[in-house]
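Structure first, commentary second.
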Amino acid sequence: MIHLVWLVPFLPLLGFLINGLGRNFLPKSLTGVIGSGTVLAAFVISLLIFFEVRQPGFAPQVVSLFDFISAGSLHIPFAFQVDQLSALFLLIITGVGSLIHIYSTSYMHEESSESFARYFAYLNLFVFSMLILVLGANYVMMFIGWEGVGLCSYLLIGFWFKNINYNKAANKAFIMNRIGDLGFLLGIFLLIQQFGSVTFIEVFDKVPALGEGSGVLFAIAMLLFIGAMGKSAQIPLYTWLPDAMAGPTPVSALIHAATMVTAGIYMVARSNVIYSLAPHIQAIVAIVGLVTALLAASIALKQNDIKKVLAYSTVSQLGYMFLALGVGAYTAAVFHVMTHAFFKALLFLGSGSVIHAMGGEQDIRKMGGLKKWMPITNITFLIGCLAIAGIPGLSGFFSKDEILAHAWGYNKVMYALALIGALMTAFYMFRLYYITFTGKFRGTHEQEHHLHESPAAITLPLIVLAVLSVIGGYVGLPEVFGAPHLLAEYLSPIFAPSAPYLHVHHLSHGLEWGLMGLSTGLVIVMILFARSKFINYTDGGAENTGIAKVLENKWYVDELYDAIIVKPLMVLSRFFQDVVEKAGIDGLVNGVGTGVKWGGRQIRLLQNGQVGFYIFAMVIGMIVLFVISLFL
Amino acid sequence: MPVQYYIFLSIALFCIGIMGVLMRRNAIIIFMCIELMLNAVNLLLVAFSKMWVDAGRIDAASAQLFVFFVMVVAAAEVSVGLAIIVMMYRNTHSVDINILSRLKN
Amino acid sequence: MGIDLIIFTVLSAVAIAAALGVILSKNPVNSVLCMITCFVAIAGHYIMLNAQFLFVVHLIVYTGAIMVLFLFVLMMMNLNADIEPQKRNWLKYAGAISGGALLLVLVAALRDASVPAIQSGNATDIGLISNLGKTLFTNYVVPFELSSVLFLSAMVGAVVIGKK
Amino acid sequence: MLTVLLILIPLITGLITFGLKGPGAKVFSLLSSLATLAIAAVAWTQYQSAPDSLQFTADWIPQLNSQFKVGLDGLSLMLVLLTTISFPLIFITVFSRSYENAGSFYGLMLLSQAGLLGVFLAYDALLFYFFWELALIPVYFLCSMWGGERAVPVTFKFFVYTFAGSLLMLVGIIYIYFQTPGSFSWQAFTSLSLSNGEQSWLFWLFFVAFAIKMPVFPFHTWQPDTYEQSPTPVTMVLSGIMVKMGLFGVMRWLVPVLPQGVYMWQEAAIVLSVIGIIYASCIAIMQSDLKKLIAYSSIAHIGLMSAAIFANNEQSLAGVQVQMFNHGINIIGLWIIVEVIEQRLKIKNMAELGGIATYAPKLAILLVIVSLANIALPLTNGFVGEFLMFSGLFQYNPWFAAIAGLAIILAAVYMLRMLQKVLFGEANALTATTTDLRAGEMLAMACITAVIFVLGVYPKPLLDLASGFGLQEAVTAVIR
Amino acid sequence: MNAIITTAVFGIVLMFVGLFVKNKQQIKYFAIAGTILAFIANWYDGMLAGGSSVVLHGMVEASSFSVLFNGVAIASTFLYFLLCGSAFERVGEDVADYFALVFFILSGITLTASYSNLLMLFLAIEIISIPQYILAGADKKNLKSNEASLKYFLTGSFTTGIMLMGIALIYGATGTFNLREMGLGAGDLSPLALCGIILLAFSLAFKVSAAPFHFWTPDVYDGSPTVFTAFMATVVKAASFIAFMRLFYVSFTGGNLTHHWQLIIALITAATLLVGNFTAVFQQSVKRMLAYSSIAQAGFMLFAVVANNETATQGLILYAAAYSVATIGVFAVLLKLKDYTFDGYNGLARKEPLLALVTTIFLLSLAGIPLTAGFFAKYFVLSAAVQAGGLLWLVILGVLCAAISAYYYFRVIIAMYFKAGDAETLPITGGFKAALLLAAAVVIILGVFPGLLLQFL
C-alpha cells in the first residue's frame, strides 16, 4: 500500500484539475461529488496506509518519485516519507477535509456553478498541498506544500474577489506567511550549507554530531521556528489569521483551524531532534507559545464576531501546542493538534451553520436563543465548547491537561499562566455559547422568520465531529488512569531520537490528580460565571472602556504594525522613487548629456569668425605645446 | 662665424613676421608678413647649406634648390592670394580681415 | 672682430629694422618699401653665403616681381591712406607679446644646438648657376616638373577667381 | 553547421521580410521563427548525442586572425532555446495586430533575433562584440519608430548608454587580444593568465558594459522608461532575452577570462546587485504604472541573478542559468497580459483598472499564474532557479542572502498589490468592457503556462543543460 | 608615378574639354573617365612595383602602401564625381576648370602616399592647398564663399611658413631632405631636429584640422560651395593624414625618438576629440555639423599617428576609405536637399526611403557601429593605440567621444525617420540612387570583410 502513497495527494490534485478546467460546464452536483469524492478516496487510502504503519516496528519508508533539483553536489528528490507522524496527519487532513467538503456542498450552494466549481478546485488544491507538506521526505518538499497551502489560503480568503477588503485580508495573510517562509528558506539553506542535504533522514542522522547547544543548531532551529510562527499564527505574525475569517466558513474550519495552521507544529515535531538539541530555542518556542495563548485568549474575551472569537481561540490553542513543543512534550502537541482539529472544526462548522441560518449575520449581539430553532447545531456546538474548555471526559481535557502537566514539570510559572489561559478559554467560549444560543432572539424579524435547522449535509459532519470531539481524547489517556497512552506508543519511533536530550520530570500521581482536579474545578467555576453573566444577555450597547476597549481593539497590534512597518516602507520607497531615482541617479545620467551640450555651447564661442583670432589661437597653442614638449 | 647667429637672425625675422600677421588687420600687410616669414626660412636654409658645405657635404646644393622651390611656390601663392584679396575687395570694398566674419560658432 | 662679422651685423640690423618697419608703419606703402629694404638686406646675406644664383633670383623674383605686384595692388585699391581702424588694440599687444614669447621659446630651445660653424673664408662654387642647374635637372627633375602643375593650378585659379 | 543556420535563417529571412507587405510579413516571420525553433530543437538533440558536432569555425578577418567561430554549450543552448521559443510566442501574440509598414517591423525583429543568437553562439571575442551591437541597432529603430510618444528620446538614451558601455568592453577586448598570441578565440582568452593588476581594471571595462545591459543598479535608469515606451513585442524581447545578454556575457566572457578580477571584485558586484534588488523592489511597490512595475520587478530579478553569478558556486551558477530561461518565459507571459489589457482599455495606470477578473476570467487566471511564477512559488518554474540562487548566495555569505531574501517578501507585496488593483474589486465603467483573451493570445499563454508548470515540477532538463556549462571549471577558476 | 602623370595630364585635358564641350553636364563624364584611367594607371604602378618599392631619385617611391592609398583616393574621387559631379555647375560657369583643379589636387594627393623627400612633401601639400583656396572661393559673388577662401588662404599660407621653418631646422640638423637618410633615431636628438619635428607636426596638424589648429575648418567647410566641401572634407583630409602618418612613421621613428613627440600629438588628439565632438553636438546646420564631425573624425585618425605602428597604417588606410566613402555619400544626399538644417531632413524617410536608408548606413559608419566600415576603421586605430601602450587614457577618452558622436549623427537619423515633415529635395535620378547604393554596399562589405581592402597592403 505504501508504494501507492502518491495517490493520496494525487487524487485531490485530480479533483482540482477536473473542477478547475471544467468549471464552466460541470453541473454543481457533479462538481461536489468530484470534490468530496477525491478527498474521501484519499482518506480511505490514508486509512489503509495508517493500518500498515501502526504495525509495531514499522520503519519509515521513503517513496522517491523523481529527481527534483540536482545541482553540483546537491540532490533534492521529489520523495514522500511515510511514517507514524505523516500517516497520522494524513488521517486528520483527509478525514476532517472530506467532512468539510461534504459540508461545503450544501454550504456553498447559493454560489453560481462556476464559482462553486472554483471553490472546490481551490479546496482540493489545498488538500493536495497540505498532503505534500506532511508527506514530503525533505524540507524542500515540505516547503513546496508550505507555500502551496499559503497560496490556497490566499485564494480562498479572497474567494469573493469582488470585495476589495477580502482581497486585502488575503494579501495580508500571504505576505505575513511569506515573512515566515523567508525564515524557513534561510533555515533550509543553512541546513544545505551544514549537511549538504535536506532529506529528513540524513539530516537527523547528522544533527547529533553537532552536539547539544551548538550555535548552528540554534540558528537552524530559530529560522525554522520563524517559519512556523508565520504559518501557525504565533506572535508576532498572528494578525493575519483573524482577518482570514473573510473566507467562507468551511474554509476557516479546514484551513484556519484544523489543518494548515498546525503545519508549524508538524514542522517542529518533525524536526524534534534539532529542537531537543537547542534548548534555548525550545525555551523561546515555549514562551512565544504561551504569550500567544494568553494574548489571543484575552482578545477573544471581547470579540463580538462569532468567527473572530473562534479565530482568536484558534490562535490561543496553537499557542498551547507550541508551549507543548517548547517544553518537550511533542506527543502532547500532536495530540492537541488532533483533538483541536476535531472540536475547532466542529465549532467553526457550527458557527457556519448559524451564520447560514442567520443569512450571513456574524455579530453575536444580533443573535440569541437559537437553540430552539436549531437543536442539532446547538448540541454539537455545546459539545465543542465543553471539549475546548477541557471538561473531563472530552477530548480537549486530555490533550490540554497533558500539556499543562508537562508545563508544570518544565516551569511552575508557565503552568500558572497556561492555566489562566485555559480558564479564559472556558470563559469566552461559553460567553459565545450563551450569547448565541440562549436568551431571546435579538435579530431582525425576517431573520427570525427564516431561522431553521441546517440540512443534513451540514448537520451530518457536525455530528461526526461532535462524536470525535468526545471520544478523540481516549487515544491518549494519562498514565495515572493506568490505561496505555496509545498515541504516545504509536508516535514513540518519531520522538525516540530526541528522547536522550529531553529532561522529562515525571509527576507523582497525587500531584497529577491534584492538578487535574484544580483545573477542572476552576474551569467549571468559569463556565458557571459565564452562564450567570450571559445566559440572558441583552445588548446594552454600552461603549467599552479601559482595558476592555483595548481588548476589543486587539491590543491595537494592527495599528502598531501599520505604524512601525507599513508606513516606513511606503515612505522609504517613495524616497527611493522620487529622490534617489529621479533626482539622484537619473539626474546624474542626464546631467552628463546636459554637460556635453553646455560644453559645446562654450567651446563654440572660440569660433568667433575672425581669422585674426584664429591665427592668434594657433600661435598660443604652438607656444603652449612647445613649452610642454621642450621644457616639461 | 657660428651658424647660431644666422639661426637667431632668421628666427627673429620669422617671429617678426608672425607678430605682423597677428597685429595687422590689413589682408595685404598680413600677406606680406607671411612672405617675410618665408624669406626668413630661405635665409636659414642658405645658411645651413653653407654650413654643410663647409662641413664637407657634397649634395649641399639641395638646400639652395629648396630655396628656389620655395620662391616658386611663393610666387604661385602670391598670384592666387592677391587674386583672392582683390575678389574680396570687389565685394566688400575693404581689405580688413575682420570685415568678413559671417561664418562663426 | 672680422669684416664678415661687421657686414653680418650691419645687414642683420638693417633687415630687422626694416622688418619691424613693415609691421609697424601705418601706411601700407611704407610697409612695402620697408619690405623691399628687408629683402635687399637678405640678398646681401645670400652673397655672403656664396649663394650667388639665389641672390639674383631673390632680387628678381621678390624685390622685382612680388613686391611690385603688392605695390600695384595697393595702388589699384588706392590703400595708400591708412584704412586700418585703430580699435581693439589689445589684439595688437597680445599679438606682439605672443610673437615675442614664441621668439623666446625658439631661442631658448636652439640656444645650445651643437652644429658645425661656417668658415667665411672658403668660397665654394655650389651656389653658381651651373652646379645648381646640373642638380636641378638630374635629381630634382621630378619636383621641377611637378612645380609646373602647381603653377598651372595657380594660373587657372587666378583666372577663375580674378575674372569678373 | 546547425549553429550557423541558427544565425543565418533569421538574418536572411529578416532581410527578405523588409520587402514584404503587412500580412505576408507577419506569416513569413512567424514561419521563419518556427523554422529557427525547429533547428534549435535539432541542435538540442545533437547536443545530447554529439556535442562537438555543434562547433563551427571559418576564417573571417585574416589580418586580425579573427574567426567566425560559433559553438554551443549548455549555457548557450539554454539561451538559444529561450530565444527561439520566445520569438514565435511573441509573433503569435501580436498576430491579430497590424503595425504600419509591418515589413520593416518584422524584419527588424528577425534581425535582432539573429543578433541575439549570434551573441549567444559566438566563441570569438570580436564576433561576440559584433553581434552584441547588431542585436542593439534593430531594437533602437523598433522602439523609436513604433514606440510611445516619448519613445525617441528615451530610446536614444538607452542606445547611447549601452553603446558607451559596449565601447568600453571593446577596449578591454582589444587589450586582451594583444596579450594573447594574436587571437580572439575564447580558448585563447581563457588560457591567458593576466596579472592581477590588469585583471582588476579590465574587470570594470567588461563589468560596466554588462551591468548596463542587465541592468544592475546604478546603471539601470534607462530601463523603466524604455520598457514603458517601447512597443510591447519589443519590450518582450528586451526584458525577456536581451537582458540575458549581460548575464551571459558575465558567465561566458568575464568569469572565465578574468577569474582574478572577479575574485577581487565579486564582493563589490554582489553588493551592488543586492542593493539593486531591494531598491528596485521598493520602487516597484510604489509604481502605479503597470509597465513600470514589471520593469522594476525585472530589475530586482536581474539583480538577484547577477548576485548569484558573482557568488559563483555550483548551486548559484546552475540556478542562474535555469532562472535565465524561466525569467524570460515568465516575463514574456506578463507582458502578453499587459499588452492585452493595454490594447483593450488603452490605459496602464493601475488606479483606473480593477474588477477585470469578473469580465475576463481567463485573463485573470493566467495573470495570477504568471505572477505567482514571477514570485517564485514552488512548483512553478520560477522556484527552482531562485531557490538555487539564494542557496548559492547563502553559501557565499548568509547576510547577503538574508537581505536579498527580503525581495521574496517585497515581491509578494507588489505583485499581489498589482493583482488586486488590476483584477479584483468592483469593475468600473471602463474595465467592465474588457473582453477575454483571443485565440492567438490564448495559444501563446497556454504554451507559457505549460512551460511554467512542467519546468516547475520537473526542472531536470534545464538543470542538465546548466551542468553542461561546466560549473566546476567556472568555480575552480575563480577560487584559484 | 603613372597615376601622378595621368591625373596631372587629365587636369589639362579637362581645361580644354571646357572649351569644346558646351553642355556642362557632359564634362563630368570626361572627369569620370579620367578617374577610371587614373585607377588603371595606378593599378599598373602596383604591377610594376610588385610589392617592392620603386624609388625615383630619392624623391618618390611607389610601394604597395602608396598604390593602395592612391587606389582608395582615386576610387573615392570617382565616387565623388559620380555622386556630386552634376552639382558643379550650380557653383559657377567655369565647370571645366573646377574639374581641372580637382584633378590637380588629385595629382598632389597621389604624392602624399609616395613622397620620400621633404621637398616633395612641401610641393604635394602646396599642390593640394592652392587649388583648394580657389575652389573655396569659387562662388565669387557669395560673401561666405569669399570669406571661406580668404580665411583658408591666410591661415594656410601662414602654416606653410611654419612648415618650411620646420623643414629648414630638420635640414640644419641632418643635412638632408630625404626621409630615409635622416636617421634621426640614431644618437641623441639635436634641439634643431626636435623643434623641426614639432613645427612640422603643427603644420600638418593644421592641414588635418586638429585642435588647436582647427579653427579654419568649420568656417571654410561651411562657407565653401557644398560640392567642394564634400571633396575637401574627405579625400583631401585623408591624404593629409597619409602624409602626416608617412612622415612620422618613416623618418621620425627609431630609438626613443617617438617619445619626444608622442606626448604632444596625444594632447593634440585629445583636444581634437573633445572640441570636435562637443561642438558638433551644438550645431543646427547639418553642413556645419559635418564640418565639426570631420574634426572629430580627425581626432580618431590621429590615433594612427600617435600609435605609429603597422596596425596604425592599416587602420589609416581603412579609415580613409570608410570615412571618405561615407562622408561623400552624406554630402551627396545633402546636396539634393533644399534646406541644410536638421529640420531639412524631417520626414525624408517617407518621401525618399532609399536616400534615408543609405544616409543612415553612412551615418552609422561614421558613428562606428559594427556591420559598417566605420567600425573596423575605428577598431584598427584604437587597437593600434592600445598596442603602442601607455595611451589607454587616450583610448578611453576616444571611445567616450565615440559615444558622444552617436548623438549628433543620430539626430539626422531621428529627423529622417521619426520626425514629421516633408523634406524638400531636388529631382533625383535613378543613376544617382544606383551610385548611392553602390557606395552603401561598399560600406557594408568593408564593414563585414575589411580584409578585402587590407589584403593589398
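For this structure, a couple of remarks:
The chains carry the letters A, B, C, D and E, assigned in the order they are written, with residues numbered from 1 in each.
Following the convention adopted for this analysis, contacts are C-beta pairs under 8 Å (C-beta built on N, C-alpha and C of every residue); 3 or more make two chains touch, one makes a residue touch a chain.
All values reported here derive from a predicted model rather than from experimental measurement.
Common neighbours of subunit A and subunit D under the contact definition above: E. Look at the CA centroids: the one farthest from the centroid of subunit A belongs to C. Of all the chains shown, the one with its CA centroid nearest the global CA centroid is D. By number of C-beta pairs in contact, chains B-C lead all other pairings.
Subunit A and subunit B have Cα centroids separated by 98 Å. Computed centre separation for the pair subunit C/subunit E is 32 angstrom, with centres defined by C-alpha atoms. The distance from the centre of subunit B to the centre of subunit C, with each centre set as the mean of the Cα atoms, comes to 6 Å. One inter-chain figure worth recording: subunit B and subunit E are separated by 26 Å, centre to centre, where each centre is the mean of the chain's CA atoms. Shown for subunit E are the residues in touch with two or more other chains, namely 119, 123, 126, 130, 133-134, 137, 140, 149-151, 154, 158, 169, 172, 191-192, 194-195, 218-219, 282, 407. The set of subunit C residues that touch two or more partner chains comprises 91, 94-95, 98-99, 102, 106, 109-110, 113, 115, 139-140, 143, 147, 150, 153-154, 157, 161. Of all residues in subunit B, those that touch two or more other chains are 3, 7, 17-18, 21-22, 25, 31, 51-52, 55, 59-60, 62, 65, 69, 73, 76-77, 80, 84-85, 87, 97, 100-105. Counting only pairs that meet the touch rule, the chains in contact are A-B, A-C, A-D, A-E, B-C, B-E, C-E, D-E. Put simply, subunit A touches subunit E in their complex at residues 593, 596-597, 599-601, 603-604, 606-607, 609, 611, 613-615, 617-618, 620-622, 625-626, 628-630. Remark: subunit E residues 314, 364, 369-371, 375, 379, 382-383, 386-387, 392, 395-396, 399-400, 402-403, 406-407, 410, 414, 417-418, 449-451, 454-455 touch subunit D in the complex. Here subunit A touches subunit B in the complex through residues 604-605, 607-612, 615-616, 619, going by the rule given at the top.
Interface of subunit E with subunit A (complex): residues 150-151, 154-155, 158, 162, 191, 194-195, 198, 202, 206, 211-213, 215-216, 218-219, 260-261, 263-264, 267-268, 274-275, 277-282, 404, 407.
Of all residues in subunit C, only 2, 4-5, 8, 12, 15-16, 19-20, 22-23, 28, 31-32, 35, 38-39, 42, 45-46, 49-51, 53-54, 57-58, 61-62, 65-66, 69-70, 73-74, 76-77, 79, 83-85, 91-92, 94-96, 98-100, 102-103, 106-107, 110-111, 113, 115-120, 122, 124, 126-127, 131-132, 135-136, 139-140, 143, 147, 150-151, 153-155, 157-158, 161-162 touch subunit B in the complex they form.
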